[in-house]
Amino acid sequence: MKVSVIGATGYAGAELLRLLYGHPQAEVVHITSESHTGERIDTMYPHLRGLYGLTLESMKDIEAIGRDSDFIFIGLPHGHAMAVGKALEKLPVRIIDLGADYRFADTDVYEAWYHVPHTHKDAPRVYGLAELYRDDIRDAKIIGNAGCFTTASILALAPLAKEHLIDVNTIIVDAKSGVSGAGRKPNQGNHFPELYDNFKAYKVATHRHTPEIEQAVEGLSGEKTVINFTPHLVPMSRGILATCYATLKDGVMPEQVDAAYEKLYGSEHFIRLLGRGGYPETKYVRGSNFCDIAWHIDPRTQRVIALSAIDNLVKGAAGQAVQNFNIACGFDEKLGLDFTPIYP
Amino acid sequence: MKVSVIGATGYAGAELLRLLYGHPQAEVVHITSESHTGERIDTMYPHLRGLYGLTLESMKDIEAIGRDSDFIFIGLPHGHAMAVGKALEKLPVRIIDLGADYRFADTDVYEAWYHVPHTHKDAPRVYGLAELYRDDIRDAKIIGNAGCFTTASILALAPLAKEHLIDVNTIIVDAKSGVSGAGRKPNQGNHFPELYDNFKAYKVATHRHTPEIEQAVEGLSGEKTVINFTPHLVPMSRGILATCYATLKDGVMPEQVDAAYEKLYGSEHFIRLLGRGGYPETKYVRGSNFCDIAWHIDPRTQRVIALSAIDNLVKGAAGQAVQNFNIACGFDEKLGLDFTPIYP
Amino acid sequence: MKVSVIGATGYAGAELLRLLYGHPQAEVVHITSESHTGERIDTMYPHLRGLYGLTLESMKDIEAIGRDSDFIFIGLPHGHAMAVGKALEKLPVRIIDLGADYRFADTDVYEAWYHVPHTHKDAPRVYGLAELYRDDIRDAKIIGNAGCFTTASILALAPLAKEHLIDVNTIIVDAKSGVSGAGRKPNQGNHFPELYDNFKAYKVATHRHTPEIEQAVEGLSGEKTVINFTPHLVPMSRGILATCYATLKDGVMPEQVDAAYEKLYGSEHFIRLLGRGGYPETKYVRGSNFCDIAWHIDPRTQRVIALSAIDNLVKGAAGQAVQNFNIACGFDEKLGLDFTPIYP
Amino acid sequence: MKVSVIGATGYAGAELLRLLYGHPQAEVVHITSESHTGERIDTMYPHLRGLYGLTLESMKDIEAIGRDSDFIFIGLPHGHAMAVGKALEKLPVRIIDLGADYRFADTDVYEAWYHVPHTHKDAPRVYGLAELYRDDIRDAKIIGNAGCFTTASILALAPLAKEHLIDVNTIIVDAKSGVSGAGRKPNQGNHFPELYDNFKAYKVATHRHTPEIEQAVEGLSGEKTVINFTPHLVPMSRGILATCYATLKDGVMPEQVDAAYEKLYGSEHFIRLLGRGGYPETKYVRGSNFCDIAWHIDPRTQRVIALSAIDNLVKGAAGQAVQNFNIACGFDEKLGLDFTPIYP
């Protein structure tokens, strides 16, 4: 398959190039960047020297790129993918957007949280979280790749919501991310001396991944859901750990919780269940498409505490996109993703 | 005042020596270690070279040390301070224990969580969290210095509990600590290559700081309290951030929350209020005795999210001990602690 | 090919398993550990969950393992591989030792620096640094895989030594390594809180990689060589940067230096030349088998400063072993190693 | 003494405020910043909350500030202090410049390396490295505070140069610095995700601290000196380790080297000699004004390897400035600097 990456110079774009290099069925034909048009990608990202000789193009003639590609991956900031999606509407090319533009069934929710008018409301789109929406992804024209925090959170909560084991309005997700999640653009907050040896929360009660988690939990549970989601920055480059709290419904037994996880994920390759009492660590999934999940039940409070770990740039972005690509192409889901995490 | 440090070679003990060096009214007369008896402290801790020439003694003759000291700081693992406290019962020397042995009013709770019989149940003791129990500390024989996670958690929750603004049984504390909190003894889990660039939770629903927080919240609110407390390890050496969730009682207005913090802490030197919407960072308090606190109110969920940051070895251990020492001696509370954090 | 890993639980052994997982021509049949016999490898190394189900065996019956394997990789501490090599002398199995036992042509040098009698002096062995000794490796019975610091140092110096451009007795190698190079066993020096946010030198003028570098430079230059080698610990898990100084011979022009690098490495896949004035970074090679090299010439001092970066666990250990394995098997040298570094 | 800080918002300026807070004889009266005029310093640097309420002024009316101050500390980028120095020429106020403008006796050297015309060539200035130039500092009008790399390098080399024990033209300084040394302004190179878990050299053979080291070695040895100086970035915030190589003159005995260090530094408070065979670590001096020094002699190469560690923001900048201030005022040199490093 001929694939192109629109907005290839962010961390998610660069990670896509890393993964596509090892994909036996994908050939990268175009990569674009408006601010670095004409530069070689291995000048910007020297880790790709000797492996990629591609030069960054402009996306001005997006239709030509679309005609020349079977799949388009979009790594643009939110608000910019809609124009691309609309421009390619009539072409056979299919789209995987790593941003938020195509993640919401209800575009009012998108507009309320992202403060941008949605200009492609009737787009034929699906939510790109493979383990939960695999069937929808198969034939989708546009796949709105799930976000990084949301992937970790939704995968940890899904069995509990789907099997109606928790009161969904007691959900609190306390999430911690490495700094690559904040993007490649330097600013004071991400300046090395200030973030190193430091830990902080940000966007408490206002982060845009909140409604994305709510949408998924509502879909799975069938109940209106309002949650708290709190992101934090960990002084490391990659990795997300989500600590998810919810109150179990009366009478729910620990074994029912175990069974719910087993039922939903027992045969998934990229979800590794560490079981009740386990402890995922971000380093155990670093560089890989795995999501490690464990859960704890506190009999004192009748709460379940679910833990999940992903690499935010892989299962939280580029790896998920490749997994969706594989599903959409009818390939083995592991193609290009079948390697071990890198440890220590 | 002549002071001695029993168990001086752990991180809390070493931090005490750092702070006592700059204390104009304290002279360190004895330091002890059973495993390093006879060694100079600046051989074990070369950062003290040129500043401390003391040699580590055994605590075998603790009574002699007690007779030679006005104050004893204990930096031993839990279960070992009780014997010291008992041995010094009859002497005028006063004690500040940095461990857990003297933190609980109800020794049954101690025994249930620490799995050690309490052998000094009638000890005349107070809980050593200066901002909340200052009056008790003044004349105490034995001060059970508050723990690191608990200091951050209790200080963040106290105004809410005391003013009856929250349902105390909805409290969830999601806490994150630098690795020095796990002590100086190397093990696989704290081995550099495994913890660096990694993030994980531990002791979910079972950490011993849980009942200590509950005891304080119960005391402040007058209500029986059961909470969730989840500790995590951050790949850094020092610092704790506690993210505390609770549901506001019906009708509680944001201004009432603001007022509660202002009322309790408005004139405290070591508590810096960042206000509603603020963001404490562990680096802003590094090396200092400050506790920075902010709070957020989520109208969607009617929850308050309180954030607090401390240096676990200072306000969470040695600094708090010095602050308690100052109170107990009738000194200015800032003596030996009046310096700025170290940033960046 | 059926391969076994003797001493599979150190970091180099675990990294071998990571790389062999992706190798299309290698099947891991036995893995051993004396201290963890009977444990599953994915219990010790949870990043391998779902990928490896192997159980660790004892190496007591090494001959049976040898008969069942085409290749044996040895990840034991120095002094222990000789016994394995001797035990397998008569079997057709071939050996790649990741330790120092088979690295020295002159076993007196080994004994002088390692303080262990060499018990397999007549072993048919070659030095396993692929780019320089490829032809010897092809048919070797025993390959003494080059060390981590030495790989970075020798590859940076080789063109200069081989083309007689420098006075070899002015060589100074100032090297910096991530902490995984010091192994998996915890100790005070590698305890997270002490090493984090810290930098130090160790084993100045006494590190055992010194004679290994000297042996190679002597071989390439034909001149007796005595050098200074200084290792340092960088607070990170992986990666080596070697800064190599040498005085250029009179009249040597910069273009001659450029040409020497180009001549020796111009067609090597795993050596990426960044040219005169370039700057390798350890993160640009992280997780990969690349060695990035650049050089600078200071006209004021007439010195050349060569810089090289590798991942100590890949090109400095397991990746180099796989590369040697590929050569020894007649495979494409990139088999199992043809992926991009992981960045950021 | 009334002191003002011109350019107070860089890391060195902020560190000065930290140290001056604890100085019993200094009162900070003005702090300036052109880009943040009108902001409170504790808004920019929240670690100073509750300790400093000062508002940043413009330096437009520098003469008024000069008239209102006994001492001016300048934390501006090089090239900007000369104008301040000239403007205050006639006033009694004395100046400590933390930048490079007043460090060179020969302004031609300054102009050659800094590419800026020197506009205050006849300034009555001294080089501000207290241990070596204490007598000059006492009455100086303008003190050109020594640089960070240079302080570590010169202090390590001084005894060797002064006692003529080494061939000064064999000096190589391989230095490693935490990232705060590169300043507070964010850029791609210092963006957290790219520098974390990474190590690199920069400005090989071209760094501006080279001639500063040469000037000092020439002054001490009386010999024309050309050296190699190579800076590297360590993924940590603070700290410098300098590894200094030089060839001993024929017949120099190890004891002579020991004696040279003892003679020059034996009674210095801020220089801690770890002796022959010792290992300074940057964390042992963190936050303090200490310079820890050790040396090794390699009989194989007849080279001495001297190691020194400082905190680049303290002994390498603000602490040195305060030490110089104390000398210039006739105070005890330790005033405001007499505290322990912060460890771990």
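For clarity, chains are labelled A, B, C and D in written order, and residue numbers in each chain start from 1.
We adopt the following convention: a residue touches a chain if its C-beta (ideal position, glycine included) is under 8 Å from a C-beta of that chain, and two chains touch if they have at least 3 such contacts.
It should be emphasised that the depicted structure is a prediction, and the values quoted were computed from it without experimental measurement.
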item: For chain B and chain D, chains touching each; value: A, C
item: Pair exhibiting more inter-chain C-beta contacts, A-B or A-C; value: A-B
item: From chain C, the most remote chain by mean C-alpha position; value: B
item: Distance between chain centroids, defined by C-alpha means - chain B, chain C (Å); value: 46
item: Centroid spacing, where centroids are CA-atom means, of chain A and chain B in whole angstrom; value: 39
item: For chain A paired with chain C, centre-to-centre distance based on mean C-alpha positions, whole Å; value: 36
item: Where chain D touches two or more other chains, by residue; value: 11, 178, 180, 193, 196-197, 235-238, 281, 283, 286, 344
item: Touch list for chain C against partner chain B, complex; value: 11, 178-180, 184-188, 190-193, 195-197, 235-238
item: Chain A residues within the chain C interface of the complex; value: 11, 14, 17-18, 21-22, 45-51, 180, 196-197, 237-238, 269, 272, 274, 281, 283-288, 290, 292, 338-344
item: Of chain B, residues touching chain A in the complex; value: 169, 172, 174, 176, 178, 193-194, 196-202, 204-205, 226-228, 230, 232, 234-239, 241, 243, 245, 279-283, 286, 296-298, 300-301, 303, 305, 307, 309, 344
